[in-house]
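What follows is chain A paired twice: with chain B in the first complex and chain C in the second.
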Partner chain A sequence: MILSQEVKKAKRTGFIPTFLVGGLLAAILPVLNTAVRSENYLGLPGTPLQILFDANWSMMALLNILLIVGGACLMYYTEYADNAIQKMKSLPIKEGMMFVGKAVLLSTMYVIVLTIETLSFIFSSYHWFGLYNGFWLELGKNFGYVFLLGLPSIMLSLLIASAFKNMWIALGINVIGVFMAMMIYNMSFILSLFPFAMPFRIFGGTDPNRVLQFIGAAFIGIIVIGILEFIFLKVRRSFE
Partner chain B sequence: MNIIETHNLTKAYSNFTAVSDVSLNIPKGKVYGFLGPNGAGKSTTMKMFLGLTKPTSGSFAINGKKYPNDRIQILKEVGSFIESPAFYGNLSGEENLDIIRKILDLPKSSVDEALEIVGLSQWKGRLAKKYSLGMKQRLGLASALIGRPPILILDEPTNGLDPIGVHEIRALIRSLPEKFDCTVIVSSHLLSEIELMADKIGILNHGNLLFEGTIEQLKQHVAATGYPTANLEDTFLALINEDNTRRGEGR
Partner chain C sequence: MSFISLIDIEFKKIKRSKIWLILLIAMIILWLPSILNVDLNFKMQVGISPENNFLIQGLLGMGWFIYPASMVVGTLLLNQTERSNNGILKMLALPVSTAKLSIAKFVVLLTLAASQIVMAVVIYYASAILVSRIEDYNFMLSPLFVLKEVGLVYLSSIPMLAVFWMLSVSIQIPIFAIGIGLASIVPSVLMINTKIWFLYPMCYPFFVVTSEYGKLATNLTTQEVTLIPWLPIALTITILCLVISCIRFGKAERG
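For the complex of A and B:
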């Protein structure tokens, strides 16, 4: 029910079309890039998927995170704009459940965006490289990995969006976080654990132990940010 | 029998006390008028009933359920309208009420019923952000009335309504205890308005409860203390001014 409620609240806000258009925009990148510069990529070592991810993922991840951030701010904007959040707080639901509902919706939209992008990777691999043994398994692993590593950024962007009634403040902080992540995600392992930096990571070519560390860090990030939101809601109520 | 009881309810912020040691007794099945000038602490008290703000000290129980342990249970029994209409502007009036309906697990017919009660059926498909102030106010009332809750908390529900709308809403509030078997707590800064609706009143000023009882008891109380009783508005003003003077804020 929490998901359907959030979908309903997002009606006429442009939330769903934005994700679909954003997903399509990001999906065009590998196709265009490979079409225009195929000779640069066809001779590279590694699997076609790894080549495609290496060549395109940083830009695609940036678009994905900007979608997440924009989506999170838009969802809380609809709550704060006409004070609907006060009505919700006076109904027999826990405020934390609203956050969970938004996180589920944002994650669902992220899956849809990743699916569109995955279709683009399938097309590019098939068209320029040809499919090969283990392609689908590799694709599944990449999909799962980037999805999982995107969840902490979903949680953090929602935490920030929930904290500010003024959408522009939340959006500003989130965008600064995203651009900071772009600068630090390759600097060191610790810095790459910043929630907005994690979605830039790719599965292919990463040491298996490191992959496990990132997966563990993603789970910890989700839990820690969830707890922070819970504490924030409790503290805010004391000051209202 | 009291459906709401508060004991020394207090809400203090860092530099002022919004509600100070207020002990209310709100009888079941009646309209309780909560009266006081702007900033008296009416909305803060009502917000505490809904758990929108946390009391600094004191306690309260609604229908035998104690805050904060039974907060969710309390909210299941309370329909509310606080300060100003709260809604999703991107949704129609009907869609706004449908969200509340689903949370309260009510039948689909309850949306139309609530819209009908407040006279908004004709405009149910219009986006809430395009409603006039009066229509928004009615939508807020509908969101409180949906599902016929046993307790209604209405904070200045006639704000922004035209004279006909004010009359309609007053008549509606007056009729609710009998029609829906509910208790209504309604706030206003106008005694003349409360006088027309309430069975019992509580007068707040600067967070303190100055009086609680029926209008008749108020008249007797002020007569005993030498204030004018011919016009209740004057009586109310005299009470407030006396309290302000006692606090060194007389005008």
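For the complex of A and C:
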């Protein structure tokens, strides 16, 4: 119910095509990069998937997170434009549920984007390296890991977007957040737990304990940001 | 209505937009890691002096992402203030040519860009004073040199600003304009390493800083700025984008 409502709202805003195009754009990167500089990559140690991730993921993750941020701002912009949000508030629906609906929709789009990117990883591995034992398992693990680590950033960007009536303020703060993440994600473990920094993480080559810590942090991040949003909505409502 | 008073009106419209605050926070966050990691400036292997490195690393971060991204936000602001509550209909009803309106808004965008760069310089000097105290080493560079570097960044970014402005004027759906604008920044890092960098306006500021980096570091060679194919192409792109945005401005609202 909530999800179908959100899909309907997003239908004519260009939201879904933007994600599809963004996903395709990100998917071109590993293919192009490997095609042009294959001699640089073929000799590297590590599994092909690992090589591809190392070479391309920082740029692809940046594209993904910019898509998330833009999508989050747009979804709340459609609410605030022409005061549609007042109508939503007068319906017998909790305002928090709207946030949940948007988070689910944004996560679904993120899965679609990741799927497009994964197809390109499969193609690049198959074409330049050849498939090998354990490829699909490794691929599945990577997919799940980057998806899970993307969720806190989805929550945070929606929290920021829901807090500001003017889209440029929300977008401005989100863009600053992404920029901060780009600069700090390699500095230390604590700093890399910043929600916008987490999608830059790669599964391969990470210590298994670290992986568990990141997964735990992602869950905590989702819950904490969710609670913050509910508190924020309650407080704002009582001041309106 | 004279052009000057049009620009004056455009500034009044964004007076309460808090855009200056966003631009300022972006610049503070740009220099903060440089202050925290100041000791890295002494460990560079490419033969660059610590004080030059301190400036260049900041400018690299600025030219590559936060400056273009802030400007995408700026174009969104200029468009949204007009479109929300149909303010644009009132503007179009005035006896003012739409081309003039579009150029006036572009001048505002140029001013936003210039003010962000000025903020970067001010915060650079504040942080240079701070790290000079902390490290007991003089990080201050001559203002003329710093102004030359940021001036180059600013000038080289004008074609990019024209492209962003054209995108936000001609694409009615806000998310497309933002999406294309932000996404176009990402490939800059690939484009600056190619021979055809001059065809991609979004990488100009980053390219110029990288090229300056190569000049200041003795053990690092980066591509040099070659004025000959670049200048005519940049000029053509700028003029083309401005002409398109003048033609397209308010097109959707006029029906």
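One rule holds for everything that comes next: the second predicted complex is superposed on the first by the 240 of 240 C-alpha atoms of A that agree within 3 Å, B and C clash if a C-alpha of one lies under 4 Å from a C-alpha of the other, contacts with A are read in each partner's own complex, and residues count from 1 in each chain.
One rule holds in what follows: a contact is a pair of C-beta atoms (placed from the backbone, for glycine too) under 8 Å apart; a residue touches a chain by one contact, two chains touch by 3 or more.
Worth saying up front: this structure is predicted, and the values here are computed from it rather than measured.
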(request) Could you look at A:E240 and tell me whether it touches chain B, chain C, both or neither (first, second, both, neither)? (result) first
(request) Would you check which partner chain A:L91 touches, where first means chain B only, second means chain C only, and both and neither mean what they say? (result) first
(message) Quick check for you: in the superposed arrangement, does A:A81 touch first (chain B), second (chain C), both or neither?
(response) both
(request) In the overlay, answer first, second, both or neither for which of chain B and chain C A:A163 touches. (result) neither
(message) As a test of reading the superposition: which chain, chain B or chain C, is in touch with more residues of chain A?
(response) C
(request) Could you say whether A:L20 touches chain B, chain C, both of them, or neither, answering first, second, both or neither? (result) neither
(request) State whether A:L63 touches chain B only (first), chain C only (second), both chains, or neither. (result) second
(request) Scan A:K11 for contacts with chain B and chain C and give back first, second, both or neither. (result) first
(message) Which partner chains sit in contact with A:G172 here, chain B, chain C, both or neither? Use first/second/both/neither.
(response) second
(message) Applying the document's definition of touch, where does A:L3 land relative to chain B and chain C: first, second, both, or neither?
(response) neither
(message) Residues of chain A that sit at the chain B interface in one complex and at the chain C interface in the other, please.
(response) 13, 81
(message) Taking the touch rule as given, give the residues of chain A at its contact with chain C in the complex, in rising order.
(response) 13-15, 18, 21-22, 25, 33, 59, 62-63, 66-67, 69-71, 73-74, 77, 81, 166-169, 171-173, 175-176, 178-180, 182-184, 187
(request) In the complex, go through chain A and note every residue touching chain B. (result) 1, 4-5, 8-9, 11-13, 78, 81-94, 237-238, 240
(message) Quick check on the complex: what are the chain C residues that touch chain A?
(response) 17-19, 22, 25-26, 29-30, 33, 37, 61, 65-66, 69-70, 72-74, 76-77, 80, 84, 173-176, 178-179, 182-183, 186-187, 189-190
(request) Using the touch definition up top, name the residues of chain B that touch chain A in the complex. (result) 47, 50-54, 72-73, 75-76, 78, 80, 82-91, 95-96, 98-100, 102-104, 127-129, 143
